[in-house]
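By written order: A, B and C. Residues from 1 in each chain.
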């Protein structure tokens, strides 16, 4: 057994807190942006316009078949050429995760929309609602409610995946632990601390999702 | 910003070596495939065992299975890589830890394959468990009524059916293994993503590099998918649609 | 052959069997009937230990099921069971379904198991379907295969748990024919069924259950002509006039 010195946790806490705050901010931004963009993609995939539907499914399938690390590297490389100026790792991470997660939220929303009985659409249209109104007021609210556990599970996955911004050096929880480990020359203790934080958050979230799922079944 | 395209870069020699960039990518592909297949084999064996445990009438065994799944599912893969690489050797008896750190052959490869295998095993276990639980209870009753022991009932009646049912979700898990193997670059496995970063820095032709690597990952995904489709077709039961019901 | 004495069973706080006693002698056919939820399926599943019980005694062919030391596996190998939903193994051919337990449980060699399997398939009129898979057969054919599968183990008695209630009406006859034949050959049978024609034809006695009780037990003729309890009368009038 190696010698551990966990007293290093205390002085590193401010560091870790900043890293965790970035991780949470990245998760929330990518979640909200990803769900909005994903819903639009889902509508595009279900649209009768073949061109639009194909473009959306090409985007979604591409994102889903390449490793996230590679997507992170791709965006970090390409964004400066598109915007004409270099962007920081943090901004790049936010854009990447929103775009990447949108593909996954899209598939969830698509399943949710397709799960709504056709009778609901017919009923809404019989009341004189336009197809946009039907989608916004009748179909989407039900789809989101039915898919809530899956959307949340995907968000837990997203939260874990944010650790991969390590690849471009964005200062998230894992990077903070990494840096603190180097500063105090206690890398092992700091990895353990970050693992405990990740586990505590993911485990409590997944218990919460199970509760919501149970309530939904009743 | 302007970009200088150079699609011939792959045949150029790397700086300070006599290999070409193509050689780097080929090495990368080799390690990606090696890590993925080793991890997948491990994940299948462990996943089937753990998934089965979770359906057994024994409380301690089922709890062990549940703990296994929660442990590997609630930690980011990258953090798990670091735990296996940096932390686990410290937990071993001193001599062993030193051996692992200094002398273990192919240390990065073994660590990455074990880590990815265990991570994936929890996901395979969940699929196997739901596959077993989706079978009608009568199948277990019928097997027991004929005098089978519990292990025989699992071996001959439940598992052959459950595994057929979970081939589609296992197909996407298999494709995920190739994608997830990219995380191994973080502990220095010289797989595709590692080579991509290295080639980008060395050649300064990032876009060409990433295009090539993206295509290689696509190919892995397609081959994995087709491979599983062949298995699915071979194991289809006459008279059943898609092997279910 | 089957002795059931004062059997009681609870699922948590709900009592599903209440002080049930009956018996099936060697060579006898006993029909168990009653409304759904009366506990008849639970009772028959207790006989080969698929369901446990908390009180009473159950002895099958000299083996007591309440005894923790009883080797259930060995007992089950000698007691055949036919299920409502057939429960053939869908991933094996019909013949393999008949061979599997002969090989794995009785230790017969594959040739011997195949010969025995084919002979039994011939007997239920399905030898031509030996290489098909269960899902390629009709419900009636599947249930006949299931009976042959149970017979392949050379059981000392057969348990039937509503063998015809999942079948389309036109397929019930072919399954009952096989069962009548078995009865005529002297097979000991305990059958949970609503087929009153079958009961009349072959049953020695009828056991009528309701709410976990054995309400009435009588020779078949007597049960049909002059049921004693009100509940049996109500049940019979519903069943027979449909």
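Throughout what follows, a contact is a pair of C-beta atoms (placed from the backbone, for glycine too) under 8 Å apart; a residue touches a chain by one contact, two chains touch by 3 or more.
Not measured: the values here are computed from a predicted model.
Peer 1: So which chain ends up closest to the centre of the protein, judged by Cα positions averaged per chain?
Peer 2: Minimum centroid-to-centroid distance belongs to B.
Peer 1: Would you say B-C or A-B is joined by more C-beta pairs in contact?
Peer 2: Contact tally favours A-B.
Peer 1: Any idea how many Å lie between the Cα centroids of subunit A and subunit C?
Peer 2: Once rounded, the distance between the two centres reads 55 Å.
Peer 1: Return the distance between the CA-based centres of subunit A and subunit B, expressed in whole Å.
Peer 2: A distance of 22 Å separates the two centres.
Peer 1: What whole-number Å value describes the gap between the mean CA coordinates of subunit B and subunit C?
Peer 2: Distance between chain centres: 47 Å.
Peer 1: Considering the complex alone, what residue numbers of subunit C touch subunit B?
Peer 2: Its residues touching subunit B are 45, 48-50, 72-74, 76-81, 83-85, 87-91, 100-101, 104-106, 132-136, 149-150, 153, 159.
Peer 1: Quick check: in the complex, which residue numbers of subunit B touch subunit C?
Peer 2: Spelled out, the residues of subunit B in touch with subunit C are 136, 138-139, 141-149, 152, 156-157, 160-161, 164, 237-240, 245.
Peer 1: Name, in rising order, each residue of subunit B that touches subunit A in their complex.
Peer 2: Residues 1, 3, 70, 73-79, 82-83, 86-87, 89-94, 97, 175, 178-183, 185-186, 193, 196-197, 200, 206-207, 210, 213-214, 217-218, 221 of subunit B touch subunit A in their complex.
Peer 1: Report the residues of subunit A in contact with subunit B in the complex, numbered from low to high.
Peer 2: 1-2, 4, 65-70, 73-74, 77-78, 80-81, 84, 160-164, 166-167, 174, 187-188, 191-192, 194-195, 198-199, 202-203, 206
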